[in-house]
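Take a look at the structures listed below.
Below, chain A partners chain B and then partners chain C, in two separate complexes.
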Partner chain A sequence: MTAARAREKTRAERTHRRRRLALRLLHFAGLFVTMCVICLPGLWIVLNSFRPSVEILAKPPDWTPSFTLEHYRAMFGGAGEGGVPVFRYFRNSLVISLSSTVIAILIGMSGGYAFARYRFRAKNAYFVGLMLFRAVPGVALSLPLFIIFARVGIIDTHFGLILVYVAMNVPFTIWLTDGFFRQIPRELREAAEIDGCTKWQAFWRVEFPTARAGVASAAIFAFLTSWNEFALASQLTRSAESKTLPVGLLDFTAEFTINWGGMCALAVLMIVPALVLTFLVQKHLISGLTFGGVKG
Partner chain B sequence: MTAVTLSGIVKRYGGLLAVAGVSLDIRDGEFVVLVGPSGCGKSTTLRMIAGLEEISEGEVLIGDRVVNALPPRERNVSMVFQNYALYPHMTVRENLGFSLKIAGADAATVAAAVDDAAAILALGDLLERRPAQLSGGQRQRVAMGRAIVRRPDVFLFDEPLSNLDAKLRSQMRVEIKKLHQKFGSTVVYVTHDQVEAMTLADRIVLMRDGVVVQVGTPLELFDFPADAFVATFIGSPPMNLVDGVVGEGDGGGEVIFADSSRLPVPVSARGGVSAGRRVLFGFRADSLMPRGHSVREEGDVVSLRLAVNLTEPLGTETLLFTEVGGAEVQGKMFNPRPVVAGEVLDFCLLLDRCHLFDAETSAAIRV
Partner chain C sequence: MMFPTLRRPPEWLLLLMPAFFVIAAVILMPLVFSLYSSFTPYRLTKPDTLWKWIGTANYQKILTDGKFWAAFGRTILFLTIVLNLELLLGLAIALMISRVTRGQRTLRTILMFPMMFSPILVGFQFKFIFNDNIGLVNNALQSLGFTNAAAPWLVDAKLAMFSIMFAEIWMSTSIFAVLLLAGLFAMPQDPLEAAKVDGCTPWQSFRHITLPFLTPFIFIALTIRSLDVARAYDVVQIMTGGGPARRTELVWTLMSRTGYVDARMGIANAMGYVSILLSILFTLYFFRKLSAARAAIGMSD
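After this line comes the complex of A and B, so read on.
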């Protein structure tokens, strides 16, 4: 009797274990397919940047792998060899993205703090207004911006693009940092003030370090938005003086041909810094994004 | 060593009156507890002393300085918050030393003060930890340590024990009292817990709806409540109150209850009430005791034969629920024996420890 029951029990356990294993396999398979969909285009770009143009365009596709650095060589080469001013573009991108991020964070953090901590008239209306501003597609603004910038004379300048990106990033930064400052108990600042801090000191020595994760994630988002933006940059830049990397990709299109290999090589160059940055701060980023759910 | 004086302080939030003119003289080295139900303005009053809340009207003096316009950092007070408010990105050591560092003290002074505070509060092993790695009780100690490091003129406590469990709370109560004895600083302590108020205070300030109802030593409030609210707020279980009307009677009148039963007017109000006045007859559980299990049976005592409806044994005593004048009341049995529900016992009521309150104003009637 008991032996039979024990056998029954082990059988039930075995089926249970098998079912769990099957579920896990299914889970991994699902994850794999999803990740393929997400990662394949990126992988394709990286692979194509190392393949000869003939292979990239081959029909049917050529599956035998081959490796060449010709696109990179050409890209960094002179103008006659299909080269583009990579370093200029890179520097433009870096200057524009970094300065617009720093400015947007400073403005956005002050705004977010004000929304989180102070009561003022029409606060909600302001906030909704800022969020509505986010709903306007950037491209729709490109023509008016172009006309205004042309009149003022800031077309094709770093300053013009920085201005645009700051305007794009401030609402989002306000929204994000507002959430973070809201999570910090008011008593922390009060304790700091009683401990001898001025309001300014209380912010920089207590509240800012506590909200650091949030500010860092807001900064990353702002940086990546500026770094990757194409639509507006392509309208507002003309020359190598101000073109950013995404706009630089267009250098590889000629009237009748597109240099896919070169384009992929430049794209890889664009992705690398963004990837490195994300890796460096990913701990902050994740803790920043899940801040609300975790009690400190 | 500093006294704190509040003269007619008022706090308005828009149209809402949170504190409606509180005046108070807190003596140097005194432990004053502000107590009252939530929303009575006690925390707002404390925050006005700290400088965290603007004062709408009136003056706050710390020592002989009017501090109304001074920011918190210039008032030389320290405060312990209900949620501890420890800086999460600093270690315990940094938390403790923060105020001195801000004040520009050199590293050696900070280290000495921190070690000193850590020794007093037994925080020595925790100095390198962060607040997130501490238990509730430990965080509370750190918060207190942060307050004592600076040796302020006035300590302010805003419901510091409310987030702790009952056992820790009574431990910390003792520690706070010891700290006060050691430093002798002026303390203003806010709580909604009347036990904390009774056990800690030199003087209790009982507040309701933004005004002070009564100020006095714990025993003054317990024995001579100014009105029915104080009588029910202070003491556990709360004072029994029975509705009645004063009637003619020999020897100073009597109170007639809804069920037509009568009791003599308490000693304290004898000759102070005229017939026909509606009153509340009040007595504490330990003034109504079964004979043979009481603390006193002679003197101004009335005998009552009452049926017990329910019992609550507490070990050294048992609470007995019964009815007097048609209202449910609680009595106390000392050196208890088992009592079953429905049992009828001979009680004695200590008339000289009963109170009479006006039914309309709820103010105490005393002569």
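After this line comes the complex of A and C, so read on.
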């Protein structure tokens, strides 16, 4: 009697244990496949940027590992591979992204502060209205901007693109900073004012440092948007004067052929600054998005 | 209150002024211009055509154009499939990572990887990977002996649609996973433990405790994502350019071809307005859902 029950118990335990093992295996397999799908495409690009063109184009495929700096040398030399002026593009991208980020943060922060601290009529309508401007597709906007910029004469200039990216980034910056300023208790600022700070000083000395995390994440998003933007940049830039890296990527495609190796090398150059920047502040990035959104 | 305009404007208005100003100059004004030009037969090559008013002829033309409706329907289908799959996959990934005990931070960092890729880079990357001749997918399939023929990933209509959807999902699932993961971390654990004690199955506690808590996070992700749906333009433009034979044509690629290749700006702007309306409706819808979800769990102010 007891022996039978004990046997039954061990059997139940065994199936339970088996089920848990199966679940754990499934969990592991799921994670493994996900991570492979995420990493493999990027890895393939990096690996190919170090492979000679002959090997990339080899038929049947050549899987033996090899290493060459051919594409990087050509890219930075600027002479080979059709002479793509990569340095110029890189500098343009950097100048345009950094200045538009700084300006967008200043303008957006002031707007976010207004939404977080003041009460006024139709506040929600203003807020949603601003956000909807962010939703206008770049391609749709590029048609009229192309015509207007050409008339005004700021097509193919840094100034034109900076202006566009500031306007693109302001709404989202307002959203994120608004959420962060709301987290800061009003008393903090009031205390500073009692201690003799002006409003301006109270903001920069007390509230701004407290909301730093939110501002940092807003800045990263603004920077990434400008650094990666293509639809507008491809129409508003014409020459090496103002072309950014995403537009420069097209220089590696001719009518019927694509210089895959050179393109991969440029892709690596494009992704490295974004990667470094994001890893430095990834914690702020996530909290910025969630706080800004949920509690805002 | 006799001369309200003479009073100093309120502080909030002063603070919002720069934002209003830059948006008015760079987005609103061009939009007004493009609205006007969508009522003209404007062609880039003939500047005079800008002053000829033709009423709603452009809109009538595109609304009776089979090609436009095909592209429009395909865009809706594309967005529906892509957004749903991104949400489901993102949720699954977030749940899987939240159960990991060691190396969680590393996994989360890897997860953010696709978020940093430029859409155009994603397009090129998958154009390369799905290339029928030298792409990773076909090379692997052939070397492993699954097939001898080269699958025309970007040439066959159905496969091309699959490929651009794959690229889009690869690019944007991360944002869902990252936000939902943050939601899972923020979740109080007591209700879950109580449910376990009360004998709830894992499915029940997921359905009735975890999912309601995650709802606002889901809508934040959908709202943020809907601000950017037109990013798909970059990917598709590079991978297939709307081809082969318009089989992957979306509203955005059709618009840019009409405007820049055919130089028919008037009609392209009319299409632009349809696409703007589409984006705005998506965003507005998710915004309202977000407010409702916030109110439901008492997070709004």
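Going forward, the second predicted complex is superposed on the first by the 249 of 296 C-alpha atoms of A that agree within 3 Å, B and C clash if a C-alpha of one lies under 4 Å from a C-alpha of the other, contacts with A are read in each partner's own complex, and residues count from 1 in each chain.
Heads up, the rule we're going with is that contacts are C-beta pairs under 8 Å (C-beta built on N, C-alpha and C of every residue); 3 or more make two chains touch, one makes a residue touch a chain.
Everything numeric in this text was worked out from a predicted model, so none of it was measured.
Q: Kindly say whether there is room for both chain B and chain C on chain A in the superposition, answering fit or clash.
A: fit
Q: Which partner chains sit in contact with A:Val86 here, chain B, chain C, both or neither? Use first/second/both/neither.
A: After superposition on chain A, A:Val86 lies in contact with neither partner.
Q: Rounding in steps of 10 degrees, give the angle chain B-chain A-chain C taken between C-alpha centres.
A: Result: 90 degrees, to the nearest ten.
Q: Thinking of the overlay built on chain A, is A:Leu57 touched by chain B (first), by chain C (second), by both, or by neither?
A: second
Q: If you stack the two complexes on chain A, which partner ends up touching A:Gln201: first (chain B), second (chain C), both, or neither?
A: In the superposition, A:Gln201 contacts chain B only.
Q: Touching A:Ala216, do we find chain B (first), chain C (second), both, or neither?
A: Neither: A:Ala216 stays clear of chain B and chain C.
Q: Where does A:Glu190 make contact in the superposed view: on chain B (first), on chain C (second), on both, or on neither?
A: Once the two structures are laid over each other on A, A:Glu190 reaches chain B alone.
Q: Could you look at A:Ile107 and tell me whether it touches chain B, chain C, both or neither (first, second, both, neither)?
A: second
Q: Comparing chain B against chain C, which has contacts with more of the residues in chain A?
A: Counted on chain A, the partner with more touching residues turns out to be C.
Q: How many Å separate the nearest C-alpha atoms of chain B and chain C in the overlaid structures?
A: 15
Q: Using the superposition described at the top, list the residues of chain A that contact chain B and also contact chain C.
A: none
Q: What residues on chain B touch chain A, complex-wise?
A: Listed in rising order, the residues of chain B that touch chain A are 50-52, 71-73, 77-79, 81-83, 85-89, 98-99, 102-103, 132, 146, 150.
Q: What residues of chain C sit close enough to touch chain A in their complex?
A: 10-13, 15-16, 18-19, 22-23, 25-31, 33-34, 37, 44, 92-93, 96-97, 99-100, 107-121, 124-126, 128-129, 133-134, 136, 139, 142-143, 170, 174, 178-179, 181-183, 186, 216-217, 220, 223-224, 226-227, 229-230, 233-234, 252, 255-256, 259-260, 265, 268-269, 272-273, 275-276, 279-280, 282-284, 287, 290, 294, 299, 301
Q: Chain C touches which residues of chain A in the complex?
A: Those in contact with chain C are residues 27, 30-31, 34-35, 37-42, 44-45, 48, 56-61, 63, 106-108, 110-111, 113-114, 117-118, 120, 126, 128, 130-145, 147-148, 163-164, 166-167, 170-172, 174, 182, 224, 227-231, 235, 245-246, 249, 260, 263-264, 267, 270-271, 274-275, 278-279, 282, 285-287, 289-290, 293-295.
Q: In their shared complex, at which residues does chain A touch chain B?
A: Listed in rising order, the residues of chain A that touch chain B are 185, 187-188, 190-198, 201, 205-206, 209-210, 212, 296.
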